C-alpha cells in the first residue's frame, strides 16, 4: 500500500478509535491533490491533519462551494458550511452547483466520505435501515455524498468497524460505489469513466478494491487488532491481500495537533473506545466511551 | 396602434431619417417593461430617449450581461459593451449566459434589433447577401440577435426603408421571425411559446404582423411620405391596415435630447437623408447625407 | 428520445413555457417597492399546496424568521425541497405543513418524518443535495431538464424522478433530471433594496438558482440598502430585482443560525431544535418559538434578548469578504 | 434519443470523459507558480491545429497582447470561436492562422474572410454569440451538450452543429447544442495571482466558462496580486487556479481596447484595425503592430508611448465596481 505515508512523530500508546481512524486516513492524503470533503466530522479532520503533517499542499473543498479555505478553528457546533469560520481565508467562494461542475470536469482527485453502511463493492447507504420503503427507518440521506461518490476520481470512505456496517448488500444504495461490481457498471449508469471507490478506512483496518472483481480487500490492520477480529466485525468476508500490512500506531505529534488545534472540543477524541499499549507492547481496549 | 405614445414637444420641421426612426421607436417603448437591446446604435438610442420622455421606468439590458445601466454618454467609438461608460451605474453585472437565461425564463418583455434584411414573416438576415454558401458575401452574423429574437416576448425591429431590405424571402434566416408563417412554426422549432416579431419601425413607417397570417402589415406612415412611396421601397407587398395612421413628426424636445445628450457625436443625426417641412406644411427630402 | 431507465418518483410538472407566462404576467420589470411585513409576505405569497424551497439551513443563513411565520400561519400541504437541511424538514412536518418532500439531506434524530410516512400523511422522494440544486439550476435557466454525471445506478436514482437517456452527441448514457420550478422560494440575504435587488456574501447553496427558478420569491434581508449602493458595485448583485416578489426586513432573520459577517449562531438554540427532534417534543418547541410569539421581533425580544444578541454580534469577528 | 432535425456543421468532438482525463493528468491542483512570459505561454500552450477561444473583443478587455503573440509565432490551422468579436477574426485569418471558424459575430468590413472561404482555406460554421457561450457553458459544466430555447428554425441552426430533440420530460421539441471544450483559451483579466486565481470586474462574455471548458488556459493579467488578497475576499474570485495553466503579466494587454477601471480604449488605434480590414491592408497593419515589434512591452514603448498611455489611463475615470 504505497499510498500510505510513514507516520510522523513518536508512537503513542493511548488514543481513541476515532482519533486513530483520522490519523490513518490523514496518512493516505496525497500532496498537491484536491479533496472534496464531506462537510464536518472525520473526513475534514483527516485532511486538516494531513495538511499539517503529511500533505501541506493538499487542497480541499466542501459542498457549499468553498475552495481551499484555511478554517478558523474550532468550528461552532453544527455550523459547518456557509459560515465564517469553516470558510475563512478561502481562495474562492462558489456554490454547490459550481463545485459540482468542477467535480464533473474532473478537478476533484479524491472524495472523502463517512458512511453508515457499505457493501463489498463500496456502495454507500446513508438513507435507510431496513427494507425500503415499507419497513425500517429513514436516515439522513446522501447529502452531497452522491455527487462526491459519482464525480471525484477516487473515493476514500471512513466507516466504523462494525458488523452491521459492513454488509453483503446495503439496504439502499444512496451513493454509488461499483454498483453490482460488473465491468463498466458505473459507466452504463451514466457515471464518469474510471471513477469509483478507492479505499475504506476504519479504526481497525484499511481496505482497497480488487482490480478485477472490484470486491473489497483487506490490505492493512491496526497494530491493536488481528485479522480475525476485523473479520468478526464484518457481515461478509472481504478478500485478503497476500500480505496484510500492520499500520503504525497514532503518534504523539498527530494526537497533539488533533487535540490541541483541530478538535479542541473533543468531538472525535471522545468517540469509540480507547486503545492502550502496555509496557510489554501488547494492546488492549478500554471501556467503551461512545 | 394604441401602443404608440403621443409625441412630447413642439413638432420639428427638420430632422434626419435615422433620427426620426429613433423617435418613432422611442414612442413605442412601454413603461415598466424590460428591453433586451442590441448593443449600440438605434435600438439603444431609442430606449434611452424613451427613458427620458416616454417611459421613465423602462429597463434595458445588453448581451454582455449589463442590467439596468445608466450609461455615461457619449460612449467611446466601438466600445459598446464590457466597458465602463455603457455599463455605468447598472443594477447588476451578469454575463452573456446569465442574461440569456433570464430571457429564456421570460423576464425580457421586448427585444429591439437592427436588421440588414427582413421578410414578410419578420425573419432576420444579418449573415449573408446572395446565395448561401456559394455566392455572395458574408456579413456580421447574428451576434446576439438570435437569442433576442428567440427568447424575448416581442421583438421590435428597426430597418431602413429600402427595397433591398424588405424582401420576399431573406437570403439567410440568421434570427427567427415567424419562420414560414405557419401556426406553431416557432414552437415546432423549439422556440418558446407565443413569442415573435411585434413591430417593424423604419424611417418612413411602422408595420405589425397580421394575427392570423403573421404577414407584415403597414399600420402607420411618416407625415413626409405616402403609402405608395413606402410600397415602392419594398420588394414585396405588405398587408395594409384598414386605417393607416399618420405618425407625428419628430419634436424639438426629442431632437434636443438626441443631439445634445444621447448622440453628441452625431452618429445618428448624420445617417440617412434629411427631411424638411416648408411653411405650407409640405415635406421634402434634402440631399442624401448617408 | 430513448429513455433507458427512469425513476419512480412523482415530480412537480415540468412546464418551461408555462413558467415563462407566469413570469410575464406576475413579475414586474418596473422598479416598484416590494417591502412588506413577514406576515403579509407569507399570507400573500405562500399558498397551501405550494412547492416550497428555502435556501440554506437553520444553522447557516437559513430564512428562519419566514419559516417560523409559515408555521405560524399554519400553511398546509407543502411539497418541500429538502436539500442541505438539518432539522427544518422535521419541524415543518411536525407542524403539519408538509405532505411531500424531495429529500437530499436532513438530520433525522427523531421519528417525526418516519411516523408521518408510516401514517401516510407524508410522501418522500429521493435525491441528493446537488441533484436538487441542479434541478433548480435547470429551472433557473428556463430549461426542462438538466443532464448530469451523478447519481446513476443508485437506489436514490431509482426512487427519484430522473431518467437515463442516451446523449445525442456521444451516444453514451446520461442522467437527466427534471427541472424544478418551485411555487415559492424563501431566501435570507445580507442586503437588499426595496425593489428586491439582493446581495449574498460568502458561499451559498442555491440562492440564485432558487430565486430565478421560483414563481413567487420572498427575500428576507438583514439590511435594506439604497439602490444607489447596487449601482456603485453592480458586480456584487446576486439576485436581480425582477425575480423577486417581496422583500422583508428581517434583522437576525437567520437566528438561531449564523449570518456570516453579521452575527454568530446560537449553539444552544440550535441544539434545542435537535433535542425537540430527538425527543419528539416539537409541539412544545413550536409553542415556545413560533406560536407563542407574534413575530420575529417579538421572538427576539422575549426569547433572545439584548444581552445574548450582543454576544452573537460580538462573536462575528470575521468580516473579510462579507462587506461590499 | 430521437433527433428530429440536425445541422450540418462539423464540430469539435464532444468527449466529456476524455476532457476529465485531460484535467486529471495535465492540470495541477497544487499551488505552483504558473507565471511565464507571453512568448513562453504561447509557445508551450498554443499548438497548430488547436481549437482556440478568446474572450471579449479588441475594444473591450480582449486578450490582445496574447493574440498578437499568437500571430507573431505564426500559429497555423486554428479553429476559432468567433463570438462577440469585431476585427480579430479577420486579423487572424489575414495572418494565416485560421482554417475553421465557428462564427457568432464579427465586423466584416473587408473581404479577407470571404476570400479565404472562396479560396478554400477557411471553413465557416454558423452560430450566434449566445449559442457559442452556451456551448462553452456545457463544456464548463462537464456535460456533452446544452438544451436551449434559442435558434431553432433558422438557417443559422441549419448550418450549425445543433440538433432538435424531443425533451424527455415534456415531449416538446428542444434545441441541443454540442458542448465546446476548446484546446486553448486566452483570457485577459484585471488581477491574478501567480497560481492562476483570477478576478474579472464588470460584465463579461464567457470568461469563466471559457476557462473551465478549455484544456489549456492562458490568463493575461493587468496586475499580479498576492494570494492573500484572494483569501481576504474570496467572493471576488472569478476563476479558480486549478483551471489555469499559465499566467502572463500583461499590463495594457487589452490595448487598443479598454480595460474597464484601468484604462480607456484608443479609438484611433481601433479604427486603424477597421481601416486595415476595409482596405485589405492587414499585411501592413501586422507588420507595424505585430511582426515589427518583439513583444507587448516593445509595442507599447515604440508605438504607443508614455504620453498617449497617460491619456488612456487618465480617461478611465470610472472606478466604481472595478476594485475589490
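Every chain is named by a letter (A, B, C and D) in the order it is written, and numbering of its residues begins at 1.
Operating definition for what follows: a contact is a pair of C-beta atoms (placed from the backbone, for glycine too) under 8 Å apart; a residue touches a chain by one contact, two chains touch by 3 or more.
As the structure is a computational prediction, the values presented were derived from the model and not from experiment.
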**Q.** Fewest hops from subunit A to subunit B - one hop per pair of touching chains
**A.** 2
**Q.** Higher-contact pair (C-beta pairs counted), A-C versus B-C
**A.** A-C
(Q) Taking each chain's centre as the mean of its CA atoms, which one is most distant from subunit D? (A) A
Q | Centroid spacing, where centroids are CA-atom means, of subunit A and subunit C in whole angstrom | A | 30
Q) Just curious, how far off is subunit D from subunit C if you go by their C-alpha centres, in Å? A) 37
Q: Please report how many Å separate the Cα centroid of subunit A from that of subunit D, as a whole number.
A: 41
Q. By residue number and range, which residues of subunit C touch two or more other chains?
A. 16-17, 142-143, 148-149, 172, 174, 202, 231-232, 234-235, 320-321
Q) Which positions in subunit A touch two or more other chains at once? A) 66, 87, 89-90, 93-94, 104, 151, 192
Q. Chain contact graph: line, ring, star, complete or other?
A. other
Q: Determine which chains touch and list them pairwise.
A: A-C, A-D, B-C, B-D, C-D
Q: Please name which positions on subunit B make contact with subunit D in the complex.
A: 63-66, 72, 76-85, 87-90, 93-97, 100, 104, 123, 127, 132-133, 137-147, 150-151, 172-176, 179, 185-192
Q.
Touching residues of subunit C toward subunit A in the complex: what are they?
A. 56-57, 59-61, 82, 84, 86, 103-108, 111, 113-114, 117, 124, 126-131, 133-134, 137, 148-157, 159, 164, 172-175, 202-209, 257-258, 260-261, 264-265, 267, 270-271, 274, 316, 318, 320-322
**Q.** subunit D residues touching subunit C - in the complex, by the definition given at the top
**A.** 1-3, 14-17, 142-145, 147-149, 163, 165-170, 172, 174, 176, 178-179, 201-202, 231-236, 320-321
Q: Spell out the residues on subunit B that touch subunit C in their complex, using ranges where they run on.
A: 31-34, 57, 59, 66-67, 70, 87, 89-94, 101-107, 109, 151, 153, 192-194
Q) Contact residues on subunit C for subunit B in the complex? A) 16-17, 19-24, 27-31, 140-143, 197, 212, 227, 230-232, 234-235, 237, 240-243
